[in-house]
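Two complexes, one shared chain (chain A), two partners (chain B, chain C).
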Partner chain A sequence: MSDHETAPIVTLTDAARHFGPVRALDGVSLSVAPGDCIGLVGHNGAGKSTLVNLVNGGLAPSSGEIRFPGGASALEAGVRSVFQELSLCPNLTVAENLRISHSALKGPGWRTRARAEISESLNTIFPGHGIDPNAEVDTLSIAQRQMVEIAIGFAPRGTQARLVILDEPTSSLDAGIADQLLAHVKRFCGSGGAVIFISHMLGEVFDVASRIVVLKDGKVVAERITADFTRQGLVDAMGHVTTETATTETARAHGPQVVQTEQGLTARKGEVVGLSGLAGHGQAEALAKLYLSRSSSWRSRKVPDVVFVAGDRPRDGVLPLWSILRNISISILQQGAKRGLVNREAETAIAADWKSRIGIRTDDVTNPILSLSGGNQQKVLFARALASPAQVVIMDDPMRGVDVGTKQDVYAMIRAEAAKGRTFLWYSTETEEVCQCDRVFVFRNHEISAELTGADITEERILQASFEMQEAS
Partner chain B sequence: MSALSRPWIWSWLAAAAAFALTLVLTSGRGGGELAYAALSFGAFAAIVGLGQMLVITLGPGNVDLSIPATMTLAATLALKAMSSDPGTAWLGLITALAVGVGTGLANYALIFLLRLPPIIATLAASLVYQSVAIWSNRGLRIKPPEGLADFATGRFLGLPNVAWVGLVLAIVVWVVLERSVWGRWLLATGQNLRVARLAGVPVELVRATTYVSVAVFASLAGYLLASFSGGAALNMGAEYLLMSIAVVVIGGSSIAGGNSNVPGVWGAALFMFLVVSMLNSYGAGAGVRNVLTGAMIIAIVIAASTRRTRA
Partner chain C sequence: MTFLSRHRIILPVVSLAVLLAATFYMQPRAMSYFGLNLLFNLAVPIALATIAQMMIIMVNDIDLSLGAFVSLAACVTATFLNDTPMIGLLILLALILSYAVLGALIHALELPAIVVTLGMSFVWSGLALFILSSPGGASPGWLRTLMTVKPPFAPMAVVAAVIIAGVTHLLIIRSGLGTVLRGVGGNARSVERAGWPVIRLKALAYGLAGLFGVLAGMALVGLTTSADANIALRYTLLSIAGVILGGGEFTGGKVSPVGAVIGALTLTLAASFLSFMRLSPDWQIGAQGAILILVLTARLIFSRKGAEA
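Up next, the complex of A and B:
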């Protein structure tokens, strides 16, 4: 190998980034060389996204230094990023979205070349993906959009991708697709590329990473080769003392049936019902339809029947111009309202209560919601729903980008609320989460293909029901 | 947050500058009269602007272009109902407001039932309202009852009565937006309709009441303007089409929705009157006046919006 190929792609020396008084990144030194696959882990708000933005040139460091030996800028050095918040233009086709980050595609016939390039990239990473490069992005499911975004990240785009940053790439992908991605990451690093892989799913990090970097409060608290970490050691390094508990729920008696849809989805009072199956097989649509049919565009009841926790935050959940406080209280304004005026004392008290109960990382709930990291925004959406007295809570893949510690807290909260008689409908792309439910409906091609209860809820049974049976028995 | 980071401050600064520049020419004479005239004429722009602001807050694509026709129709029917008889002011007011409720509901019905874009629905509907006004007017020139005309041109504590009406309405709108449940619903709907719906906001109720509110504000403005100027005319609302949108934008409300600004509307309404009288007193011709007015509007909007993104 020549010097050029073994030299690091990016080197950070004591790089820091402050946002006003917030020290998002507090002096980080890191070097990424060809062939590296770095697993970057840490809790929500630990500084992962800020670090990514420094490496890809989106932000300049407040102090310290970033150097790209392979070029003057991150772009020239071949650094690409794939974001957790989807950043495709929904009104353009898949091929046209490639053009946005590939300025060399021009002149007559650029669409043909764009289609060829994106198809090749998709075929390499996700064989059998079934995505039409002429499809407009807003007709794709969230999983397909994520796949397109990943494919654009790895596409040559005139030069060559040398370092690809993947920020929570698998959170909206089902297990089969995620495995294809992990396999591609290994191939890519094996052939001299580099990857920074950010994930809350520690199993994946252990699977692909050659080296793991742990961030906490804007600092690197551990950096070792993967073999030197144990799962528990990694969780401890992140600084959240949680043991992975195998939830052994004793079967409880549930109340009367409170949800019944034409599709056959049912739920009883006090039950936690899971929806599973491959991503994009109609689970999210079924939940949205259920929510819309049980609430009105014309009337608002003081005690709503159902509440909704969104997983696709920009599309379904966050009110971007508002503070954290107003985002929490929007669904409960009628509680305690007098003559149509908002009871602002009660509102403030509820927001403060939920900030501490669910651990929203902010010093003031009147800060804008967009000042929070993705996982903390998700906590706000949980608080919005759980603060409401509604008896049925609908959750559309709500744990995207939420860290391990918070997940455990939220599981406990859901259990406690269910014991008090609330009903949860919970779609998740993570089988581990679905296995905690009392009953599971597996979706396939927009229909329910299996209903599992009790001891039948296993990863194997869910996978079995997710795929077409080969033979009729 | 410093004063300059508030978007509404720019419309007030611009209004003050136009006022000062006019007085420079007259060496300070006539300041009181100029302020009084600005408050009188600005009040009509402010009232329709407050309504338009509510609609624009609903988000991209939401606008009411039937304001001029609603003003004309409300004024025409109210004057007809009163037929210059003394003591019928309340009857006229109720007639005008009923017209507002009617046109608002009709606009929303077109938008909701036929799924027309608001810009098309309200523009098309305004042709109908204008035709009804022509048909019921038939060239008659009915004077407002004397008591009502005296009220519309009168003053209280040194300020024009119409300015008091505009001020009270501004305070009501401010309280509704900042403190009420409905105001929160409106602001949430304007940021993202789908998010608001999924958070339990009755978004169609909010949209319907907003379109009715803007029409009621327009009909009230039409009623007052006809009483102020001694009768209804078919083109009386014409200048308020662009005026209503201009005062919202100059006032610092976000054209993208979800963000509104009550004090800015009043500042912008005063500015729109004062800038014309300033250019008049400097002897600018109609063409120069229009070009300069347009340039100044652009400058203020840029100043207000760049400040906001930095804040």
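Up next, the complex of A and C:
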């Protein structure tokens, strides 16, 4: 290790990657040395994922050069990646998942060694994690899976992790766990490791990164040390001019109550109701239960009562084999249908309308949905829900992995639709989003621990309600 | 997490035990060394075929050609392996290899396994007819001896089932390579990202399926002493049912070798049980289906309860 203590772990020189005519990455030069913590920011579709895949050896560059002075390949040089979409094998145990990426674990007793290694890694990064290395991954919550994935990324695995790429690692973690991760990233970089940190939560990037690289349309548009950036400057560099705080809306009178659950969750017509609290405390279940109770599995009505915007896109969102058009129009087929047949013109018109209204980045809505980046797929899901005339829209953490610009667009659209009389129930792991709501229910241990309205909706009050009872006990 | 959903193996064991108890109640004389051997004799090839099917289901595919393949292996065993052992062995090895190549092809060309194997079932059936156009052939002597051996304490069928379950459990659940193979079923992309050649892993899974398919055919000939091109056509569906009965899932790499063997035993026993009930053969297949649906429903109810808790 000593002879390449200061030598870079990876150097990209003018690296480019094209997918057909699409220039996903258009000539990027970057060098990562031990001790660096690089914050990589940019819009969805700016080329972050492609850059990550070049660095971790998943893709070869179309032109330019990538060198790993520490070894022949990315794997040998100690480059690891933790991906945004969960990439564990759900049917295997936590320890067995380590085996997948650690081929040197062999021979009798490999299970014991795997358990020891993953436990140690988890204990170092997330003290008090409470994850059993013998538990099958599909019995864990999303946050726990993400923790396991991160722990596998940092585990020694026979060699040593030298550069760990974290792609939106905190998007499904709650604040406390995210802080543990950020602290570990700082420790790791302090002891000579390097991290590439990708996050849409700019606060985190400012917290951990020593250097920030801004990508836009496949090019590096800014690369400076963190202290030289301001929040607004960073957002401007990414290319979307957004206001720091949402426009303060005047208090509006809401209509009659349209949602009422046993748990005490209520919403009035035209209201945006937020669900908050630590991740995995029953918010998603409450919404799913509400949605299922208001829709029938046997009969589909011409005008649905409620619609659902999924946050877990691959699981309950996109129809992966279908085009963008079909993915949007699935919710409205019943309205346009004539004698049971799909009204193709109406379908096309609605898809084109929503493509421009919500800004889906594609040349042609008949392209397959998977040709879109994650954020744009999420826009399609919004379009699907908003295109239907349903009066109640349920959103289960819909902004996971969506860039700042898209978020602002969607906030505005939600406001506009609410003003027209729709009701939104919005679960979010990001406090900033919850603060946009008219009323907020904070969940703890599958129960509502507080109901906040108006000026009471502040980060402090929400955190207080999320943790209150814990301190009392 | 309830006890049952944590230990998926319990339900198959209970199903088998209940069915066994019912059989013994109907026919107490079955409760003997000889009786057990008679009850479970034909379970050995079915168990091997079920393990073969499990290898395919493990990597998220399904094999509709297994019955035809086992028939073909049986025909080769009853003819070539008996007459000219060297050539017979080579043919059987070639069959295993062709399964591995099939697996690689299905992965490389991204073909749906269900279609490819359905097509291959006609190829296998045709080859079997070509080798043995009318029922006949003979079992090699050593194979006959092996299948009729009388070990102390427990009959051959039970000992064989335990050995098959033990060996495949070690291979698939305990070994590192087996873990990676199950990983392919769970999330092939993540296995690929970790630097594994998924195409080779898939070929390996199919190759293992071919191996167990060949073993099933040989075991069948050892028991019946002759072969027929249609001898094992039922095995395709029996093997799928066995895997699912044993706690496996169609997708996601969730399989249990021990469960699969128990599933195969349960299916064999169900047939005997219905004979003991003096049910007319016309109704037996339907009743067998009813038993299958009953067990699967029980499993679904328990796993739902497990998910709610």
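Operating definition for what follows: the second predicted complex is superposed on the first by the 463 of 473 C-alpha atoms of A that agree within 3 Å, B and C clash if a C-alpha of one lies under 4 Å from a C-alpha of the other, contacts with A are read in each partner's own complex, and residues count from 1 in each chain.
In the analysis below, contacts are C-beta pairs under 8 Å (C-beta built on N, C-alpha and C of every residue); 3 or more make two chains touch, one makes a residue touch a chain.
Bear in mind that the values here come from a model prediction, so they are computed numbers and not experimental data.
Chain B and chain C, once both complexes are superposed via chain A, clash. Of the two partner chains, chain B is the only one that A:S388 touches; chain C does not reach it. Of the two partner chains placed around the shared chain by superposition, chain C is the only one that A:L88 touches, whereas chain B remains out of contact. With both structures placed on the common chain, the touch criterion links A:L105 to chain C but leaves chain B unconnected. Number of chain A residues touched is higher for B, counting chain B against chain C. Residue contacts after overlaying the shared chain place A:T261 against neither chain B nor chain C.
When the two complexes are overlaid on their common chain A, residue A:L75 makes contact with chain C while staying clear of chain B. Touch criterion met: A:L321 reaches chain B, while chain C stays clear of it. Once chain A of one complex is fitted onto chain A of the other, the partner contacts of A:T124 are absent, as it touches neither chain B nor chain C.
In the three-chain superposition, chain B clashes with chain C only at 112-120, the remaining stretches of 112-120, 202-210, 220-228 or 238-246 being clear.
Contact residues on chain A toward chain B in their complex (touch as defined above): 288, 291-292, 295-300, 304, 307-308, 310, 315-322, 326, 330-331, 333-334, 337, 340-342, 344, 384, 388.
Taken in their complex, chain B has these residues touching chain A: 175, 179-182, 184-185, 187-188, 191-192, 194-205, 258-259.
Considering their complex, residues 58, 75, 81, 83, 87-92, 96-97, 99-101, 103, 105-106, 110-111, 138-139 of chain A touch chain C. Of all the residues in chain C, the ones that touch chain A in their complex are 1, 174, 176, 179-180, 182-183, 185-187, 189-191, 193-196, 252-254.
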